[in-house]
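So, here's a batch of structures to check.
Each of the two complexes below includes chain A, the first together with chain B, the second together with chain C.
After this line comes the complex of A and B, so read on.
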């Protein structure tokens, strides 16, 4: 019989597992709005995990990090992302659905950002199964390194590896710019998770620098999304395979 | 100190609790559901009256149906009534017949009951009953891997696949409760239970539209006492699965640790309360989600599979 790890390690592992599930949720989600919400929830869990680790190991720095990361990733990034999405403020931009969906264009509420429902390259169930395989690869790759000691939640570390791969999977499977941006941001979440679990005492200034890097990436991605939407008339990246405009 | 109950009596009480409590739980869920919809709803005891009324009605069989058509409901109910002997319904200590079968044994009995009902539906020649039977078998084949992975999790956690062992493991420490493998397996099992009991988001429990029906369509040609047996059977299945979820996975507390009458009585009340609590969650889900389209059920199953697989993964590194 397997002895149970302590409550702290168990909670850290369970939080990491829920983050991985949210990553799968983003993979599955059809609306940009919901993807952004899931991203915010995942970021909230990172902050909770930081608080848990801070309380367990007595690292007051991490409380500050949790607050900063929360402010940035739960509030600022989703806000900026929503502002930069085309179709904000109820302006209806013609042709914002992906080409697969335009005929016979499904009903879209006016205030919603564009739908990305048609951007699957695989059916949702197959996408989940393929990502399980990808996640398993990442999980066992990181798990087989046998990093960490008794205090490091090894499983959380391996789950972070799985999250990295599923985030890549999200960017590959979904053919629209918003999903790819969300995949990139959640990749950052996975890396934050790795850092928290492996090196909880990472200097605060370094983590802060990472976070502001992320904010820059959000703005850049937002501009790219707008530019792509402006030139292609949709969020789909399917047209990018053409060499001429 | 009062005299202890003989062990066979407790064993019988497990069966009686599930057998007589099942319609109560069903009635309770229907009541909660209608309250959430702003209706007054039927009284909680209504399922008992329904069963009694069906028992007084005439039983008919389609022309040309084999005797198996009438035997199936009896076999199904017999299978369902055997399962409470195998799982911890009232006591935290294993009863003598508890080791007669493990989780797989219980699973086989559930599958046997579902199989004979499907065969009876096929024997009728009615298109809707056959459609229900075929769909029920198809979708239970899709959820089967989830159940298997949940069993793997149990096996990795306890080294056995006995329900009593898992309940004891979960009770043993708080670390066992919060470990992700346990939580993920419980969540996956809950999703399977929603599917198996024919609840939203898989099937409308009270619907009358044949095209959305899965399990509900199988009993179309049965009538009278046989229909009562089938209805009772689905109530039994529901309470058995709820008991499995509550007493083995989520909350294996409140079971009788000794064979004293007081403790056993308390365990009966606790079981019904826990089943009621699970029922409230089910009713809330019933009222807040829409039914999935038939071909979207694979996505639901893939989500449950994801939970179960990640649960098994986390165990492989010792930390899950």
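After this line comes the complex of A and C, so read on.
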């Protein structure tokens, strides 16, 4: 890494690091509502980073991208997710809590989608440790490639690598449909971060198409979450064991 | 003309959502036949002239071959769906409208992928195929279908996330040579291939093979495939297996072209060979012990995708021509076989091999036709698959890959045992009478709508095997030259 990073590189790296922290937040979050909020916050940082890169590199297209990405990922996607998530009536849905959490504390508000607190395959502490290991692996993997040159601050790219691995970890470790979907969306955020630092000049029309595609995916994920909730009576994926062999 | 191939199914999808249910099948069939006609009209230009281009759309020899496979299955399955929906869902107007709307959308997205001139748009088209087909799987409304749809959408989307990452690395590599405003056009990348930086292209190719390989069903990232294929409605299974897997494989071949232009053929071929051999061997073993007819056919699809990957890894012109022929022949054979399995399901109300007995006696047309498609899948002559696999093995031997060619022959033989054992149990046993009168199944075909499409599939298979039309042979030869790096 450069001995004295400039303001632009410093800001880009700091934003990427906060995004990675938010990724860990999603991994640990017990309430669907908060997971969606963390996702929105992470998406907001993507937009801020796009503005920073646009200002530094003189790429006016990126302002439009920042606005579009913000409208979609901070407003539309969380809205669609909240609308499509089942359980708006505060009904306790059996089967998705682990035995030790059968009696949720007062933090579980009514009229919210059911929480996903007990959906770990590992204990929460091991989950975080495993994710740190995954993230470190991703960090050094992408960092060791030394791809620089265009708009790339190498550290931000390495952090994007860590985010990708932690997002996969989130999808694997949490056994509920909402966490898995959020894991996928944050994987998409990690790839957006990679795209921003590696491919800032990507034509706007392609970026727009990617974002539109994300919206379609969110709607379909939401519908499938509803379908799953309808057939399994819970958000847990632990019972998805009918199809084998 | 290229735009029409995309617009027609989209219009049909909208029409299916709005029109009265009884008119919807006719709209789908008309749209599918129109698409097939348009794609066939592309063949002479793609075989002899310059590639057809229109802004972001482009059709060359390789893409037209994949388009032919998809458009053929779209048309044939549209006809089959009429009979299947009547038999399985009666006159459920809501289901029929939803099914046809999604079905046409699915076809549009699969036809879009090979037509895209840019790798970014190709990725988007493949992602759209995922979400639309996951909805088609979930449309069945059973618990198993919901489970299959969720696994499918999660696994495939995660895989496509890697493919998107690959696309970004390719942009990064391309932008260093072609400037920042380069739009990931495939031809520009291939032309600039020798000047691209190696590390990002290599990383991109491996990520793309893993990512698109998830959708194409390559082992070890095939896990969604048997679930989705077995739980979807049979017309959807036929399209998933014959067309969707090929579409995803098309994306791999495009990335292979770029990687081979940059890195030489060594590493890309080795990677494809590893995926191919793993898919072929594991899938043929799964075929051997399978009890559910549709899962059996699904694993056979994994096996055939493995054969395609091995064929590309051989890299000789004969093998590449075999690969392209295999794409079309597999579409016809697997489409026909799934449609046959659908007839059995309609007749016996079951999916398990053990529940079906006396197929040849009870189904005088579908029974023999199903048997023929199973023989075709096992690469018996005179089917097109025999010709294509023969070419692939010959190409492998010609390029000195004796061990891989031997593995291919062994894997295909194991799958042959698995497929024919199950087919024999279904077809060549005595009809089950001992379970009482209620369980006895009447002799006779459920509907001509179900038989005619299978008949067409078998006819196409024989045609491809015995004497492929001259234009088609030219198209395949040109496509093989293109894949081999000699446009």
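Please note the rule applied: the second predicted complex is superposed on the first by the 217 of 245 C-alpha atoms of A that agree within 3 Å, B and C clash if a C-alpha of one lies under 4 Å from a C-alpha of the other, contacts with A are read in each partner's own complex, and residues count from 1 in each chain.
Here is the rule we go by: a contact is a pair of C-beta atoms (placed from the backbone, for glycine too) under 8 Å apart; a residue touches a chain by one contact, two chains touch by 3 or more.
Just so you know, these numbers come straight off a predicted model, no measurement behind them.
When the two complexes are overlaid on chain A, chain B and chain C sit side by side with no clash. Between the Cα centres of chain B and chain C, as seen from that of chain A, there is an angle of 150°, stated in steps of 10. Looking at the shared chain after the overlay, A:188 reaches chain C, while chain B stays out of its contact range.
In the superposed model, A:139 lies in contact with chain B only, and not with chain C. By the touch criterion stated above, A:17 is placed in contact with chain B alone, chain C being left untouched. Look at A:154: by the touch rule set out above, it reaches chain B but stays clear of chain C. When the two complexes are laid on top of each other via chain A, the two nearest Cα atoms from chain B and chain C are 17 angstrom apart. Chain A residues in contact with chain B (one complex) as well as with chain C (other complex) do not exist. Contact residues of chain B toward chain A in the complex are 156-159, 169, 172-180, 183-184, 298-299, 301-303, 305-307, 309-310, 313-320. Residues of chain C that touch chain A in their complex: 118, 120-121, 124, 127-128, 131-132, 134-135, 138, 142-144, 146-151, 153-154, 157-158, 161, 164-165, 168-169, 171-172, 175-176, 180-181, 183-184, 199-200, 203, 226-227, 230-231, 286, 289-290, 295.
Contact residues of chain A toward chain C in the complex are 145, 147, 149-150, 164, 168, 171, 177, 180-181, 184, 187-188, 191, 194-195, 198-203, 205-206, 209-210, 213, 216-217, 220-221, 223-224, 227-228, 230-232, 237, 240, 242-243, 245. Contacts from chain A toward chain B in the complex involve residues 1-2, 4-7, 9-11, 13-14, 16-17, 20-21, 24, 28, 124-125, 128-129, 132, 135-136, 139-140, 143, 153-156, 158-159, 162.
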